[in-house]
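Paired with chain B in one complex and with chain C in the other, chain A is shared by the two complexes that follow.
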Partner chain A sequence: MTLRKLFLATISAATVMMASPSFAATELQVQRFFGACDADFGKNTDVTKAVGECGIITSLINKFAADNPDIKINVTTVEWPGYDQLTAQFASGDAPDIVTIHESVLSDYQSKGLLMPLDDVLKTVGLTTDQFTGAAKEGATKDGKIYGLPIDNWTMLYHVNMDLFKQAGLVNADGTPMLPKSPEELLAQAEQFKQKTGKPYFVQNLANETALFTRNLYTYLFQQNSDFFADPKKAKFNTPEAKKVVEMYKAIFDKGYTTKNLDYGGAINAFLAGEGGVQLNGTWVVGDYNAQSEKAGTALNKGGYAVYPYPQLFSGAKAQYADGHTWAVSKKDRSPEQTAAIGKFLKFFADNDFEWSRTGHLPAYKAVMESAKFKALPHRDTIAAIATLGKPLPSAVQRQFAIQDIVGEEMSAAVTGQKPVDKALADMESRVNELLANL
Partner chain B sequence: MASHNSEIIGRSFGDRVLFGLVILLALVMAGPVLYVIALSLKDNKELMVDPHSVFHMPYTIKNYIDTIGTSNVFSWVFNSIIVAGGLTVFTLILSSLAGYGFARLNFPGRAVLFVIVLLGLAVPEQAVLIARHQIFSWLGLHNSYPGLILPGLSSAFGVFLMTQYFRAIPKELDEAAILDNASRFRVFWKVLLPLTVPAQATLGIFTFLGAWNDYFWPLISATKKEMFTLTVGIASTQMNFAQSQGIGFLMAQAVFAGAPILIIYLFFQKYIVTAVSGAAVR
Partner chain C sequence: MAEPRTAGTATARSRRKSVDIYAPQWRNFLFVAPYLTIFATLLVFPLFWGIWLSFHKADTFSSGRFVGLDNYFRLFRDPIFMQSIWNTFYFVFLTVPALALIGLFLALCLNRRTRSAAVLRALFFSSSVLSVTIVTLIWRIVFIPDLGLLSMVYGLFGAQAPAFLADPHLAMIGIAIATVWWCIGLPMMLFLSALQQIPQDIYEAAALDNANRWQTLWSITLPSIKRTFILVIIIQIVLQFQLFGQAWLMTRGGPNNLTKPIVLYIYNTAFQRWDIGLGAAASEILFLLILIAAMAQYLVTRRKADA
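Coming up: the complex of A and B.
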């Protein structure tokens, strides 16, 4: 073969390859929060070796990309929660294909017709909603359709320093921590704890914080059967039930049963240093705290670490506020190849939900929840109950992150004494309703 | 050093107290920077368990190695340099020309136009953000350098500063140059502009620093990772709980991010001090 023929053959082959759709990678724009951890997991495709939210999600996407060379994944990591950016992207018609969205935020975008219903896509890859846990299905369903592939459910938990609980005499005969069953019992146990250990019962991040206050309020309103969002456009916070909750947390604050000036990071550091008995934090720290408890010399290693759902303090429904993470898909014109690639991506995450559940979040799939390997993960026996206890706000309530800020600000003002409780609750209700009235 | 000490020792008690206060204030100002550097030299896992470990050994340069090896910090720095540098250059050109026009040229509606420009100082960026975002969407300017640079060019402060500065320069200088047959542009370029260097430096520094530290507009305009500026890029690497996880790595990136500004400060220290003290506006 002459050099000229060889050259022409090469050019022809390259042209055919470039023109053939089967050789062109389908490109997907994926946008997520959970941070960047490229130094540790940037190239890792062995998901079992990854730890933490960032490590596991980075490794999962790497693995998907490695398994599917015909699909090119462009990942953009955004600052948590990334909704300012996402809204701007939708406004400029440049939204990513697949994006992480909280279940509580799905309505904001779905109600404006910006998200694609996933029912058909999921069906084509063999996923049906009866595979989801009840909480995941409820969180991802809007107007009867699925608008996000649920990957977990999360909630706040009682993270317990067992060494301090033993010192305080708050341990049952079976070795489990003695948790309160009423607001009065909570205050009594907190007093006993303080007397015996000289430390506050709670480690709370009350500085620069709104979410914790709000989640606490929602949980104990649920437990009193307070239907504060009976009308999704009109909240009712100025109620006797809300007053009970706020006054309970105010008493905890006033009597020194809690740390006071810590932000989120400070509260974690304080709990790990053994500065208090119970930290109110989410499912996502279970793995880290468990690892600490296994390390000799740490505060949690002395007497152990335990973790439980919020105790039932009121006689109403057994419930606590929960939310979840989903992969949502923006509504736009796509080729069948792109839609198929999205389906593959979502199926991959559904199939690997166990790996994601190692973060501490609860699985979104019944099969994983009921699997032996999930149950074998540390502390899942005590926290699995949140799969049935977990309750989101009604899906029709929009702007839940903005509402969270208002509720948290007002509750913080009441708890820390900057406002009388009644005034704070009245302001909370009027501010939230003003927001909802302007949607 | 000895002569410095004797200088201090020879001072009055009041001066020494003042000197001590200045040192104290300097330490207060330098404290957070030193803390950032110290955090960047600590192992992330150690910091999570014990934040006080920052005050003792062991230290590590792993966070810097990771930053160089895996972070996008250099491309973010590059984008920030293009945006802040471009904005500074164009702002200086436009503000100087506008300032000269308002200070020296007589044209119909000059006073009204100047008042309109000044009104721009009273309009907060947030008030025009949505409209601007929409317009830039229509023009397809998001995720581009022009999209990040253009909004900052309409600098009411720059025009005001330069106008005041040009006004303070004696008109006799223009007249003398015109008598020597210099054109209007030549008077501006060769005679007056060199006299405004202190004001240019002041405006340039403020513009550069403002653009470098800007967060919100890049956040909603530069939504593609390859167009992230430094502020948006560093924020994107934070985990939900960055305060407790990966803080050393975050701080190492912050050190890289702060280095260019520090270098600029070292070179333009005199002008920055003058600018802050307001002495540049005569």
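Coming up: the complex of A and C.
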């Protein structure tokens, strides 16, 4: 009797297991950065109510899942930027289906044949590259094919506390902040700011930071027409142009024109508490800071919040370092249903790029960029210029995040006085070139 | 004639059956096979694979070509690697004596059968059960400038708190403080168990001889737990050589690579730059360093035990 029961139970279990795939929803493993905010937006499907990168992306994925009950989305949220984990996942054959990847990093994975070209999938859902903005198309294209669905382009900005700028007397007649036009003017204005407000001009996250230093260096190298990656396998950082930039930031540090010892979260808190005039941070905080400035009693509500591209401090190209986010798809065997589900997911994000652009990022689609509703978003009039100013590193440069760490470490050492500037630039160049020589 | 022969054969047969009970039997291998399989696949095989990789120009997605000792030459030309070796020794120097001495001090204080001692023992051990993520989160909240606990305390006196996470002279000390707080439970417990094994009659004899507390400690307690002291030192050296999580989560190895230990260098190299061959070579150097430290301690212990 017991044996019979056991036999029947086994048969039933096997039948259920064999039958279930035909009823199951198509599953997609999605992996992303942009933080976790389930407490606020974990169940939200009304994307218009979400703010900030995390809120909007969480709500967008929730909305997609709600609209497509036949597709089951399993989301893994990784700590920014999540590439160490992704690399390990690829190496162990356990990569997610869809994953956030920076345009600057796409070529690392694409060159190893780990990503699926998306041209065909995008065509099936009616997406073509002529719908992308120029920057988005350039960033997502590798060897003539699209390897990531672009969702934005981003860069660093001057986030300005207008109340402190007014106190410092750094406001033009039309009410806009007075921004510097040369390194000397920057130092003079920072001194004036410090004298009048008793606070540092800059709020920077300098504690054990690399990305900010690197982006600042790249921007002002571009502005001096320094072609430091003319050869994508050999960088040139030990140059007079780089020295000028590092010495400028060193002077800012030495003269106390910046906050010191703050990490990223600390710098945001300090800026929102009115501890300095200008925060150097990316497009991604524009939405959050604008929301803060509309809240009574906050430091940004007192005199207003303004945001601008990095000022043109040198006489070369009008440019600043930029990058972009994409959804990339891992290369693996999939059923037609799974591929179709991926197409639907990508199309959904392309269709909702306006919602994503509310973060502060530039849209990746011409239609959104030219739309009246995008232009009507707060501060887009002052930061629209980044669409033409934004410049990435050449896409042939590999391991851009590892390079960013080396460049940032050395620039940090020079700015904070732990290494002479010349030595730091020489070390920066030799370390980056050692890395590139051993790819 | 036939009978005795039969009896003799039977005796010989029964003797043959009974003598071999301690002889090796291959079927006994089955009992250790599960452990040996895991040991071989998770320890022995990776060990030799790591050595093999260190002689290759390998990246994460391909095993590459044989380059001999080139990865080792690259390592010793890299000032960041040399810095990371120094950092690791500095960290071991900061933490191991502190763990041994504070662990001993706590054990001496809490080696009594009162309820408060039991509560305090549990309390001091409780930090050991936390994960490195929680430990570093707690200490970041303590050290974080302007908003941290340390800043608040210094602020009460109108002073500026030291930047434990960003100051080049303090960053490693900050990590060491967090590590000692995290790891103090194990040495304390080892010392406590050693202290509880010292026979009470020796203390009674010392009391009869009018020995004071200092003399008792110096002449009875400490000599009795000498072997445990060496065990604690060995365990802690081996553990602290493998510093990774605290440095990665608190300072990312900065400022200026001053808190980058060897394991973080391996992580940077192998997983962020995809230079698996170089990372494997650095791992072999770390393996050698830990082996030398453990062997040196082992030899010292053995010599003392022999004496």
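Assume the second predicted complex is superposed on the first by the 415 of 439 C-alpha atoms of A that agree within 3 Å, B and C clash if a C-alpha of one lies under 4 Å from a C-alpha of the other, contacts with A are read in each partner's own complex, and residues count from 1 in each chain.
Operating definition for what follows: a residue touches a chain if its C-beta (ideal position, glycine included) is under 8 Å from a C-beta of that chain, and two chains touch if they have at least 3 such contacts.
Treat the numbers as computed from the prediction; the structure is a model and nothing was measured.
Taken together in the superposed arrangement on chain A, chain B and chain C clash.
In the superposed pair of complexes, A:Thr76 makes contact with chain B only, with no contact to chain C.
By the touch criterion defined above, A:Gly52 lies against chain B but remains apart from chain C after alignment on the C-alpha atoms of chain A.
Residue contacts after overlaying the shared chain place A:Ala413 against chain C, while chain B stays out of touching range.
Legend: residue contacts after superposition of the two complexes on their common chain; A:Gln89 is shown touching chain B, with no touch to chain C. In the superposed model, A:Pro336 lies in contact with neither chain B nor chain C. Once the two complexes are laid over each other on the shared chain, residue contacts for A:Gly35 go to chain B alone; chain C is not touched. Judged by the touch definition given at the top, the superposed model places A:Asn261 against chain C, while chain B stays out of reach.
Judged by the touch definition given at the top, the superposed model places A:Asn269 against both chain B and chain C.
Among 20-28, 56-64, 182-190 or 254-262, the region of chain C with C-alpha atoms clashing against chain B is 182-190.
Once both structures are placed on chain A, chain A residues 84, 87-88, 91, 263, 266, 269 are touched by chain B and, in the other complex, by chain C. Within the complex formed with chain A, the chain B residues making contact are 48-51, 66-67, 69-71, 133-134, 136-137, 142-143, 219-221, 223-225, 232, 235-247, 249. Those residues of chain A whose C-beta lies close enough to touch chain B in the complex are 33-39, 42, 52-54, 74-80, 84-85, 87-89, 91-94, 263-266, 268-269, 272-273, 284-285, 288, 292, 298. By the touch rule above, chain A contacts chain C in their complex via residues 83-84, 87-88, 90-91, 108, 112, 114, 206-208, 210, 260-263, 266, 269-270, 275, 399, 401-402, 405, 409, 412-413, 416, 418-419, 427, 431, 434-435, 438-439. Residues 57, 59-61, 74, 78-80, 144-147, 163, 165-168, 251-257, 267-268, 271-275, 278 of chain C are the ones that touch chain A when the two sit in their complex.
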